[in-house]
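The letters A, B, C, D and E name the chains in turn, as written, and every chain counts its residues from 1.
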Amino acid sequence: MSFDIMLIVDSIPKMLVGIGLTLHLLLLSTVIGLILAIITLLMRISGRWYLAWPAMTYIYVFRGTPILVQIFIIYYGLPQFDFIRESFAWPVLRAPFGCAVVALSLNAGAYVSEIMRGGVLGVDRGLHEAGKALGLKVHQRFIYITTPIAIRLAIPAYSNDCISMLKATALASTVTLMDMTGVARTIVAQTFAPYEIFIAAAIIYLVLTWVIQRGFGLFERRMSRYVKQ
Amino acid sequence: PQTASAETLRVGTECTYHPFNFRDANGDLQGYDIDVAKAVGELIGAKIEFVCQKWDGMIPSLLANKFDLIVASMSITDKRKQKIDFSDPYRVSIGQFIAAKSKNLDLFNADGSVNQAGFEGLRVGLQRATTYDNWIQAKAPNAEIVRYDSTEALYLDLKNGRVDAIMTNPMKAYLKFLSKEDGAGFSVVGPQIEEVEYFGIGVGVGLRKGNDALLNRVNKAIQTITKDGSLETFALKHFPFSIHPKKWKGAG
Amino acid sequence: MSDIVGWLDDYFWGAMVVLRVFGVSLLMAVLFGLIGSAAKLSKSRIAKSIASGYTVVFRGTPELLVLLIFYFGSAVTLTHIAQIVDPEIQFVDIPPFWAGALAIALVVGAYMTETFRGAFLGVDSGQIEAARALGISNFKTFVYVRIPQMWRLALPNFGNHMLSLMKDTALISVIGLEEIVFVAEIATTVTVKPFTMYAIVAVIYLAITTVITLVVSGLEKYSNRHLERAR
Amino acid sequence: MDEGGQQPVILLEGVSKFFGDFQALKDIDMAVKRGERIVVCGPSGSGKSTMIRCINRLEEHDKGRILVNGHELTGDVKDIDAVRREVGMVFQSFNLFPHLTVVENLMLAPRLVRKTAKPEAREIAMRYLERVQIPEQADKFPSQLSGGQQQRVAIARALCMNPEIMLFDEPTSALDPEMISEVLDVMVDLARDGMTMICVTHEMGFARKVADLVVFMDQGEIVEQNPPAEFFENPRNERTKLFLSQILTH
Amino acid sequence: MDEGGQQPVILLEGVSKFFGDFQALKDIDMAVKRGERIVVCGPSGSGKSTMIRCINRLEEHDKGRILVNGHELTGDVKDIDAVRREVGMVFQSFNLFPHLTVVENLMLAPRLVRKTAKPEAREIAMRYLERVQIPEQADKFPSQLSGGQQQRVAIARALCMNPEIMLFDEPTSALDPEMISEVLDVMVDLARDGMTMICVTHEMGFARKVADLVVFMDQGEIVEQNPPAEFFENPRNERTKLFLSQILTH
């Protein structure tokens, strides 16, 4: 076996066929994940056990198991039950894309809600008290004080999470999706040159990671105008 | 040349391709491929050690020296032969479509040629990097191909309606699916396909190139088990019918 | 239930494989993390850029790809290197267990590099000055003042990295190691009960990650004992 | 509801407060009349902060009655909101909102609580910034100011709600020595204008200059309360003497 | 190498220090004789910390000469180690090692630097803990002590290395008022025993009581240095006057 640099160069354009699907997966699941995360966060800090407990269980289960296993359970496992195949959710769960989005979003929801909770808890208690002492109501304090500060505190962790999500989209290839990794694996099956092809794929992922990091870096700088340098 | 007793050959196989190679509930490897590998090992006097490997990494792994032989129902094709060597075939290589009876698919014309219209937009499931993949890309390019990592998932998803049809090995499909309760509403569609151009001359043992001595010994062993009826015995262990067509001459 | 019983021993052995990979990669990952963070904090520009190259690459590439590259690539690379030494050698290889463990360790080690670096920086610089003012050498300051304090700061993140390491072991089925995901796959081919079979995998992982979480929070309590107010 | 003259604007009767088993306030009685200036001092942990935090219900007292400007502090949200509108508070650690500029910090409460229009809120804000003598810092962020400037902004922020009463919790103890005087100057100024004030501080010079009454607390109790002249020259209680000797020795 | 009598134990000649373009110390000259007690004061940012940090080379000076007990401070590691053994330093923020108990904090340097055996190190540690009057806290962790106690531990820790000279950088400015005196008491005690000391502080009572010389710094320069009586009663320089007026107002 030999190592063929030209093969890397040649295969990068071919791999880009899958980039659309990768980004599509990433975008959809971060957006849905964000919504789930907000709902979960509100449930957790609601102070009502019948809301907090389900939220905590959800977080516990999804953070405690590998995404790959979650994807397999959702994709291969759920149709074991007839009622699922007859339910309204079947059109989504029937398609591998739907399953991947469901798995990735649920995962993101669990992680991001913890990140946001960290941000909320990171807001200095003194600021709440100052708000109280000025007569601001609970929701006013949450909107005008907690939220903007928590967002800034959460950005670094959130940007890391988005990168983890990008990397997790690669697992979609295990349920027939032709995302970038799926395409790479198919090319390997034709050329029998895994080393070169996978490295080419890794290069593209690295570029995407860089773009995401950079974007968040700029956003954070904008949000941090008020922090002392 | 080598002393027989000292030699160990590592054999790559999928371990999930029932009933050709699979693991039973006791954790033991079973199946037609396994029987063939063991028989070959015995005849050439080598100890056999099995290595489980996902299908799409089978050839790369052989090339990367993860094991020495592939005995995994791998069809002998020209494309693969550019990378590795094959022994003589130890069974036929065929494919067939399977779909729900209710779909009434019309995939082939009366003369056996492909009916392109029938494939239009059809979601066909198959295993990544197989001969079926090559065949359908060439013969029915307007079908939508859905590639799986293992065959077992094919039946699950056919039943679940995620694909309209699958292309697979009919013997395996009969045993694993069509003869079972799950497969009740399904049947084969069209004839068995065995075009040598795509399916090769059959299924053989794969080896790294430049290993002619070993290749010769394997070939000799396969000839022996073909002639003495061992292959037929192996087949009948796993199938209720012979998988070797009458006209198939096998090795030699 | 009867579907499951015959497979329980396979799951058990699969879980053993998972734990072995976990143990080995954890040790390696800590090592990579310490070396990486030391390099990043060092004054040498070369060490710094190698370390940041390492973290950028391994934090930005999907674990699945890293694993595949290592599994297939290790043979190519090692063979090349070996052939420089001795052209007679045809193939050198590391077994899938070690390829898998190494790949996971490199990924998690990249994350640990950042955690350890942050923790070292988190030790108040006043502490280091106090040690210097007492005439304690740099090396001894590192061992007696910085490491014991850094450890406490690193622990929460370290716990998270242990969890992701544990979960990454699920991927090694892709390179043919017979751990629990693989067992589930095989069991599914026989029982046609994918949900049941994969749910067992999830439960096993949940159990292990729960234990890890408990151990880490115990350690956190222990390492923070000197901060508890005694009133 | 209006009480002028000698009616106290703040009245504490038998107020107790527990944190778990620990009693932070023990049966506190206190009456503050309109325009009075009270300085509270005492060792760390004696309950000074707890007491003034009870007055605008940042802490809930467990026993006794607290009346502020005629509103009794109970669980009733309306009363609490009314009280908080009438009581301004300044904290040791400033607690400015870091993500808002100085003038936005000042405008936030008038806009949200009093629904003041933006231009008007800005005008009020600028008026009080001038009062604390830093109108030129209006568009900076808090992190860009010195500690003394930040605390003056905090005072201005509380004043913007036009409170009847101001509470100060060690407003200068997080400040460098030279900045202390600039904050105390502002407070002296307020006191001269007749603002009702309760101020926890160890700045005895300030107490001497402006306080009508110095209250000494220890272990959750009010041990002694007297006008400053009497308090400093002639402390009665042993604990007061000890505290004064410690704080004034060097 | 031995200098008794009138030879200065600390000598700064034309010392300058730059942080980037910013000059924190401008051509400082100072001589401290054995047993002398110097108090350094001045506004924030005037270079007080920088100066004493240069003396045990926590900062490297850029120009001029610094001699400590006969060793010139250059890049030479041996000299620096020797100097650090002879100079003890106490920081504003205590800087106790939080993961070690009080007595372990005291034992660490003797054991690591002087290779003292464990029982002996412990004995020395207990001796100095008694000296700062908290032997009963030996086995607590620093976080379990009050600020004043922590600072006394920090002083004891420095004394355990048996230094010739002690440097203090605002040792009381992070403390609550009542704790300041307990720390100052220990320092007065040390001064009475004849320890050579340079002390950055704004506690003017302390300066009056023990200082042989008060040094006033501003903008990186020594503006005025005089015995305390002269310094407080009769400040010459305008900047000194302004500073004194600010710090003594309230």
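Some points to look at:
Everything that follows uses one rule, which is that a contact is a pair of C-beta atoms (placed from the backbone, for glycine too) under 8 Å apart; a residue touches a chain by one contact, two chains touch by 3 or more.
Predicted model only: the values in this text are computed from it and were never measured.
Looking at the partners of chain A and chain D together, they share no chain.
Counting steps between touching chains, the shortest path from chain B to chain D takes 2. Set against one another, C-E and A-B show the most C-beta pairs in contact at C-E. Between the Cα centres of chain A and chain B there is a gap of 38 Å. For the pair chain C and chain D, the distance between C-alpha centroids works out to 53 Å. One simple way to say how far apart two chains are is to compare their mean CA positions; for chain B and chain C this gives 38 Å.
Put simply, the C-alpha centre of chain A and that of chain C have 21 angstrom between them. For chain A, residues that reach two or more other chains under the stated contact definition are 1, 76, 79, 174, 194. Residue numbers of chain B whose C-beta contacts span two or more other chains: 57, 60, 64, 156.
Within chain E, no positions touching two or more other chains are listed.
Under the contact rule defined at the top, the touching pairs of chains are A-B, A-C, A-D, B-C, C-E, D-E. Against chain C, in their complex, chain E makes its touches with residues 56, 58, 81, 84-85, 87-89, 91, 93, 95-101, 108-109, 112-113, 140-144, 154, 157-158, 161. On the chain E side of its complex with chain D, the touching residues are 43-44, 146, 173, 176-178, 180-181, 184, 202-203, 205-206, 209, 243, 246-247, 249-250.
Looking at the complex, you find that chain A touches chain B at residues 1, 76, 79, 85, 94-96, 174, 176, 178, 182, 185-186, 188-190, 192-194.
Listed in rising order, the residues of chain B touching chain A in the complex are 56-57, 59-60, 63-64, 79, 83, 125, 128-129, 133, 146-149, 153, 156, 159-162. Across the interface of their complex, chain D is touched by residues 124, 126-127, 129-130, 132-137, 140, 144-145, 148-149, 152, 225-228 of chain A.
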